[in-house]
């Protein structure tokens, strides 16, 4: 008896620290996953600077303050909108269409970092990651901000500041979270087996569709299309700014894609970092070559758009395809983006910074590419195989369905919201203000008072 | 017997790896905390670029080289000053007033990463974090550099390069570490229950008070205030630069605040990242609205100051208040900063970049806000409750006391040092140099030789 | 018997979770090391933006697009070149001269993250780090990109775009990996006891030698050296850009040096972050003083070069020397770089951005400094002691040998490749294009169409 | 020979240039200037204080032509440069005594 | 009509503008120019080598006025633009043969 | 007095300046202008579309000299400013009726 008691106590003595270590191990894992997710979120936040620089650089100096202010304020609005209700719509438990549980102010019950089965709360669809609720929210928040920012460049140089801010609020409070719910919030596309790892569709296409609606309602900038249909290029005012912005975005994408694991899974994040980088590089090369061959010279704004196109395209498939496939996906994106820029000019859609060619067109391409290049469990996710890896058309068709539904919904709602704003308060500045520049008109400021401007492109 | 021996050996066999895992677990934790702290430190270091861009952007092109050089060299000086003696004064064991143990060259005994009770060495006040000594030092070093940099913008466009460098040395070697010791080095304010999580007072107000002393001794820039008392705005030369700088600072603050845990505590860092972000966003919105209503248009330099004001204000309370409170604290900061800019102009204090309105005024506001909004152990720290959460005036009064004592000390010492420099070597450039620009006068360089400048604001 | 079985089962019950925790612990360690290495890699990637900004800032506005495009595209090319064959040559098992196993497309066998003895695969020389293969590759890839980028600044303002791209491909596919193999790939210099922690020689000198070869084959820019041998300075067009670039590089170096541990070893990375920072700061101070004394005023381009010189110099020794020594190494670098800039001008070597003075000269100095200041196992590596720490001349001589062999090889091969390109397709733009600017000539773009340029320095 | 100086609104430059070319004039020189006149400047805002910017960006076109061409030139420019809104600008004519083409050394009307 | 061209120090622009307006002149055109003269330039420094920048920023003011106004104008400008230091600049007067207001087509003195 | 205006290629500025100084002329004023002429502009490219930039950067030098100096000045400038390639620019001479040195109030030829 005595012996047995001794044994038992020995057993327990060992078991208790054992349990304790296990607990500590779990804590450490939560800590590491949180550190990784937060740092990735910081990098994604940093993309705001990238968008601000790319967009101002590719527009004229007289509209610089306006573009900068737009990019600055829109993230603030996005943060508040997503905090107030966007998060709840996107990740709250609810129907296949939208979330309804814990809707307001991240106010639902939640026992994060408990995961999977152990999770109990209002935001089950994101319980696959074991980090604190606020870390989940913060990471998703910076994504929402990105979607809003995409629109900014497309409508630049002619949109009213206040109207844009209101649209951004609606986009982040309502539109983005609804389609986001379909895909990442456990909604009907998630159930259908639609895969979008880091948001080619959820973020980029959605931003792109909203931008397209905006452009159509707004019309082109004065002087962009001549009476005879001739395209007059309106050069951006600062290629240094634009290039810096592109490099910032590239860096930010290392948070955007690898960070979307929301866990420090070593094989996964290394794989994703690499596919992300290789797609971007391939796209730069093919965009350079395409521009060189088609247009005679490698225009830097095309190289920049090329890089971003590669990054947008690999966003959905980055975790589902091989490094080799990522090179191919990027290479195709680099060609597509050059053709798209020329195409939009041809059909008289005036997109000053190429937001449509980059985010919309390549957001679609990237999403479809999952259906072509996916390899089941290449890292960790069981996506099934894409067309080129023996999976047949199944995955491709699901992807296509997702692209179409999200596009139809966002574009239609976008038209309605832009249209309503147009009727209610106007969305376009006066012709005189457009000529003089929105900086003075909207902000009473100019960006570069110490420099003499050239009238070459007024 | 045999059995017992067997049992014992089994027991030990299990115990030893157990201990061993426990050791490894501890090592892993040290590693993770160090990784987190270093990355946060890199982000804080990066704020130097932010200050350089904001300050040059908000000054005239003819002083750009000077401001850039100041921001560049001052971090080098701060690093050396803090290495030589600042660290010892701030964190060395000593009196309630200053440290004295291990004063020079981080030379004291130290068994970090041992923590708390287990710690034995000269820097006990920072033994609450379990990371190597050099990681602690590096993190604190980048903070010290920030304090010095704050002064730079306030005295810009008229100060002698060498005098500024000498002041910066004194600030980081002596002034900053002494008040820092009071609060973070186990000094008398720490004992009194004064709370400043990441440095609204320790870093920002201190920089602000030193700047105010400098401005008073220096006087305003030529042309800023007319004879009739009219304020002539002197527009900054590059709003793109200024906005980029503000976004860099915002990013850096994700190291500044969440990193001040100096440990990868998941709940804490997620909470702090979020309060930091929300306060900034709220401040942007309210600064925009205030400027729009009071001044007619949302001037971008006000938006930038608004964002920074929100960040400074949340710096002290970020870990002690709820996300909801952070929104309120930021919202108030956004209003305060606009009023403060107008106020300082009115009383003829010429602060080219708004350093006082941002760092001094909102550093004070943030520190006091702890006394209003703190919620005991909302994350991990037992601060007691603030006034609005049932804690009564106690905490608020301690905070107020800290604000006043640190302010009085730094401002007085600042006046003395600036005054002494003025007498000994002069602190202001000649009128001719000020007109022509400090770039040529102090550096023999100009920032933009290829561009034709406009005399609009010479 | 029963009892014994009970004992045994108790024993096993305890052992199995024990083993299991041990496995989990290992997994966590792999995860943390991967997180650290990837984040460091992102920072190194970010150096591309730094180089782009420094180089464009220090050149004339008419060549800005060209320099930006070069820096942008060259990283894409480097990524592909290193992926296709560079990695295999550098880290594949093979001879002392170059790798041959798993040569193409990272295609060799590999069981990473298994380490050391447990490793089985084609890339044994880098099996000292326990992270996934793609993480190793990605980290090494961003280093390779850096080497290519160094050349860009030195040949700026006169080189043909296409020729430069081809050279970059050869450099990263062949030249860099071969000498890299000698040192980091287990080649003959590694065996000889040559130490270069993060690449003063592997990356910076190699870039520098290739640049020197390029400059010699290209010749100076029109107007740089008068007939009478007078040096005409050609000021860079944007000091804000250049300073931002330097701060980006500095930040990036916190990935470059501490990240080269490729493991989250807390003592090591804190130590390295600190030596890196202190060397840079000391170099800034001494470069400022040297410029002030020798030239009359502290020219900002010299401060920038000073900072970078300190960083390059500490790159090899950062993990092998004390913090005190790092200050000395940096201080010397700051003096050297100013003298080197003046020297290269004197011997009519036209290096627009100071790439030789920074990367070549201080790459050599840093490598030799290991031989002088190394302290055996100061952190973890058994380098033996340097001359000043009682180790005699041995280490210094090995370092010198490495410097000479790598230099001779890279410089000779560089001359051959540049020479071949010159013969085959020309490497220099026409005189007219050089005068008008490479932006229009090579890209059909200009960087700042909205600003009136000054002919001050045409 | 006469020199015509036209100060116009910047966005009219292309039209004016075309009008001048249509008259067979082969050369002109333009510069960025700032004008002050009946057209008032605008108010700008910076850090809470307003200020008036008096000078408005204009383009100055200088063309040297034979005496006989000057009237047609004036009419042509006046026609296309006008928007009817205040601030359209001025045309001034001054005498030119000599002209030289640097490349060839040609003098007088042959040089322009 | 006469055209007065005054080359002045940039920081004198506001005062000169006010002096001109006080005389009842309603318009003027300014441009950024660089001057070379008795006032020597300054030495700049770049990457270890010095060089002299000869040309100094100046502002050129052009005003076309009636013949009778020219003397008063000269006196007024000379008075406020002077600092007494070398480099204060010059005033030149040239004849103007015709003037047109683009907006209205008004000619001659009515146009200015 | 005469005013000489020379429109030249920017990279010739230093040589022209030296040539002018050698003649004993003590001052001049330059400005950045853009020229349109027989020398055609170039094609630029932006986001897939081409456009022609007609105006080419030039420098305008203005020098006021005594009547007797003008011929020597023209010759000197023409000599150094020529490259023989199209676009070398023009020299125009206009009469100057009065000159004032702002600093001293000196008038006429003494002022220049």
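Chains: A, B, C, D, E and F, in written order; residue numbering restarts at 1 for each.
Simple rule for what comes next: a residue touches a chain if its C-beta (ideal position, glycine included) is under 8 Å from a C-beta of that chain, and two chains touch if they have at least 3 such contacts.
Here the structure is a predicted model, which is why all the values come from computation and not from measurement.
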item	value
Shortest path length from chain C to chain F (each step joins two touching chains)	1
Self-contact between copies chain B and chain C, residue sets same or different by half	different
Selected interface, B-D versus A-B, where C-beta contact pairs are more numerous	A-B
Inter-chain centre distance, chain A versus chain E - centres from mean C-alpha coordinates, in Å	54
Centroid distance [mean C-alpha coordinates] between chain E and chain B, Å	49
Residue list for chain A, restricted to those that touch at least two other chains	3, 7, 10, 14, 18, 21, 25, 28, 32, 35, 39, 235-236, 238, 244, 295-297, 299, 301, 443-446, 448, 451-454, 456
Multi-partner residues of chain D (each touching 2 or more other chains)	31-32, 44-46, 50, 55, 94-95
Touch relationships between chains, expressed as pairs	A-B, A-C, A-D, A-F, B-C, B-D, B-E, C-E, C-F, D-E, D-F, E-F
For the chain F and chain A complex, residues of the former touching the latter	44-51, 53, 55
Complex contact set, residues of chain D against chain A	10-11, 13, 32, 42-46, 50, 57, 59
Chain C-facing residues of chain B, complex	3, 6-7, 10, 13-14, 17-18, 21, 24-25, 28, 30-35, 38-39, 41-42, 45-46, 48-49, 52-53, 56, 64-65, 68-69, 71-73, 75-77, 79-80, 83, 105-106, 113, 131-135, 137-138, 141, 161, 238, 241, 244, 442-453
Residue ranges of chain F in contact with chain E within the complex	3, 17, 26-31, 64, 94-103, 105, 111-112
Residue numbers on chain D that touch chain E, as the complex places them	2, 6-8, 31-38, 54-55, 58, 60, 70, 74, 77-78, 81-95
